[in-house]
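Look for chain A in each of the two complexes below; its partner is chain B in the first and chain C in the second.
This part shows the complex of A and B:
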């Protein structure tokens, strides 16, 4: 089952997502990137229906870019998060997106921030959050071990502990995870945590 | 589970001597899981008018945005703030507009009207107003709140005593409801000042 979680540290925010694309009992691929980089300093980790997820994240990414083209300055993380919520809320009673969003960003004035927006457009600014069955494990680990202003080493260590907990205790635990970070230097991929590498095409 | 019990909430407003108090719990949950313990359920419309929105969080947020919009338009046109009675009628009308596809919210409105006369009211999700002279309640803990308020309330309390009463009523009631709690948020509004306090109760 899809696991997405994130946390805010000292001058940075991390978003972690599993990387399996699954249909019922079949695993299509184990290196599906579910954390979209919206612009230089924003990340959006998503879980939910695959089609909705891709469509919605691309829609948000292009609108964020459009704002920057039109106005010459980038959207703040808070504005992006509110825009995302409003798109989900407007669609909710017409043609709902089944997408849960964890939006992380870094603004020069306000520092790192993380927003929880679930599929019915419930919006909240948080320090740590998670979606999916994995949340039962990662939220508990973070409740115990998280404190505000963690250093990058401490935060990645906590992330690894959460991933270990998910792998140990979730019956259909996803094998691989990707970790992305956003800080003053921008949004980028930080690391992968793979326990199964996709097999190459086997020779006939 | 009912849609009104999806996020969990507790709201209460009480009338005092030339003042009112409005209080809410702080839990934001998704059914059995707690997402945040610092969720704001009570919002300011203007200096002497507050609205608390219980029920589904996404609809509470959408409804709040619509109400702020309508009130700002009113301020521009009338060059004054809305009276609480007028605002209650506005909320009722907006809710009834969606009679056959409602917002799943239960508002609790509290304000100081003409001559700083305290005004409180609540309504159901389709705008049926219920005015009261003493207290109004809303949310998943409403039944417990009715009992606690009925026994603890007395008329013409001053601001400090009103604060004590409403806090005790709130904390006692949310302890009997698993979907609300994690502390409290109380606003006590008099003609001259607004006192905002956070309560620490059983943090579970």
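This part shows the complex of A and C:
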């Protein structure tokens, strides 16, 4: 029941992901960060098999860093997205990764951008997108309320509406979400939306 | 001796690996490079041969980053350097990927030295014709380090060292004048060592300063010129002081 969604606003892009790590009927933890910061101006929100997710995102992150050391300038978001797709496509018919990716980035020349790359290497450049069962609800909300060039307040309001919809209507809705933003000032965590805080040790 | 330098896997009767020694000769013909370790700053300096008028000097970077906290300068065959630097950069990221830790300076030096050694014990290849100066801060303790490798694959840590052309003069100068320095003093010491063998002026020297907080920073020509002017002024003042006040006759 993993939910990852994202959208592009006026000079920024947001990626939102649930933070539960689940194995069959057991919740391992409710604060798992599924949005990896690839470099100063790129975010990658992912859903799918935990092992594949971690392995794949770390691999992409290190290759993005290597490119920068080799060439003295960072990869563009488009190039990173295409590289990611290529890795998924190459592995697909041998040893596929079960990972869905929403890649958001900010480039000085072209502004914010968002890419939808699913586990069989489907590749789309989009303004809004979502993965998982949650997408039935978040995508519908965004279809109704999104418009291009939204301000940060409007966009976060839309994100909150999507999260509310998921919490209300999805049968095993994840309790907590993390929102990360990328804009001209870089990629960073924006906020958490928690409805269950991991319980501390109870006093004896 | 001609029979013993054809393939490097062959020892000469008196225990030499001639190809390795010839590689060291290539290093001795390369541009001068010097590194100085301070308490909170490490400085690398390289001699810049005067650029051809039509050449874009920015494309000839002689001091490079291997990772955020490690830098390298070298003397010798620059094309060989590209190969080693590329492999080292991959290793830095690979290390981060597998153990989730940045490399230590010693680790990456050992890796580069290991590569250089491999090419002294393989068939049909020649050794890398360069010596490297590797500097960086330990990612956790923050301790600065300076290491040197050479074509034979040996490496060791230094407080200050020089390689390439006229390295002996620079090393002598450093042995005489080295003391624990920090910040700008370390930069000055490096430039003074380079000036022993290089024509003075920002045009002929490339300097990069590495600090814990800011990583590697290349100094631009104006900054170098300013420090060189400082050094000349200090030298002139020292000369004047030595001559002393005129003796009373």
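By definition in this document, the second predicted complex is superposed on the first by the 201 of 204 C-alpha atoms of A that agree within 3 Å, B and C clash if a C-alpha of one lies under 4 Å from a C-alpha of the other, contacts with A are read in each partner's own complex, and residues count from 1 in each chain.
Keep this in mind: contacts are C-beta pairs under 8 Å (C-beta built on N, C-alpha and C of every residue); 3 or more make two chains touch, one makes a residue touch a chain.
Just so you know, these numbers come straight off a predicted model, no measurement behind them.
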Exercise for the section: Overlay done on chain A, so just call it for chain B and chain C: clash or fit. Expected result: fit
Exercise for the section: Identify the partner contact of A:63: answer first if only chain B is touched, second if only chain C is, both if each is, neither if none is. Expected result: second
Exercise for the section: Identify the partner contact of A:98: answer first if only chain B is touched, second if only chain C is, both if each is, neither if none is. Expected result: neither
Practice task
For A:124, select first, second, both or neither according to whether it touches chain B, chain C, the two together, or no partner.
Solution key: first
Exercise for the section: Pick one for A:31: touches chain B only (first), chain C only (second), both, or neither. Expected result: neither
Problem - Which of chain B and chain C A:85 touches, first, second, both or neither - result: first
Fill in the blank from the handout: In this superposition, the partner of chain A with more touched residues, chain B or chain C, is B
Completion exercise
Value for angle(chain B, chain A, chain C) over C-alpha centres, in degrees, nearest 10, is 100
Fill in the blank from the handout: Overlaying both structures gives a minimum C-alpha distance between chain B and chain C, in Å, of 26
Problem - Residues of chain A that touch chain C when the two form their complex - result: 58-59, 62-63, 65-66, 69-70, 72
Practice task
Would you pull the chain C residues touching chain A in the complex into a rising list?
Solution key: 61, 65-67, 86, 89-90, 92-94, 96-97
Problem - Touching residues (chain side chain B, partner chain A) in the complex - result: 7, 28, 30, 33, 35-36, 39, 56-58, 61-62, 101
Exercise for the section: Would you tell me which residues of chain A are touching chain B in their complex? Expected result: 85, 89, 92-93, 116, 118, 120-124, 126, 129, 135-136, 139
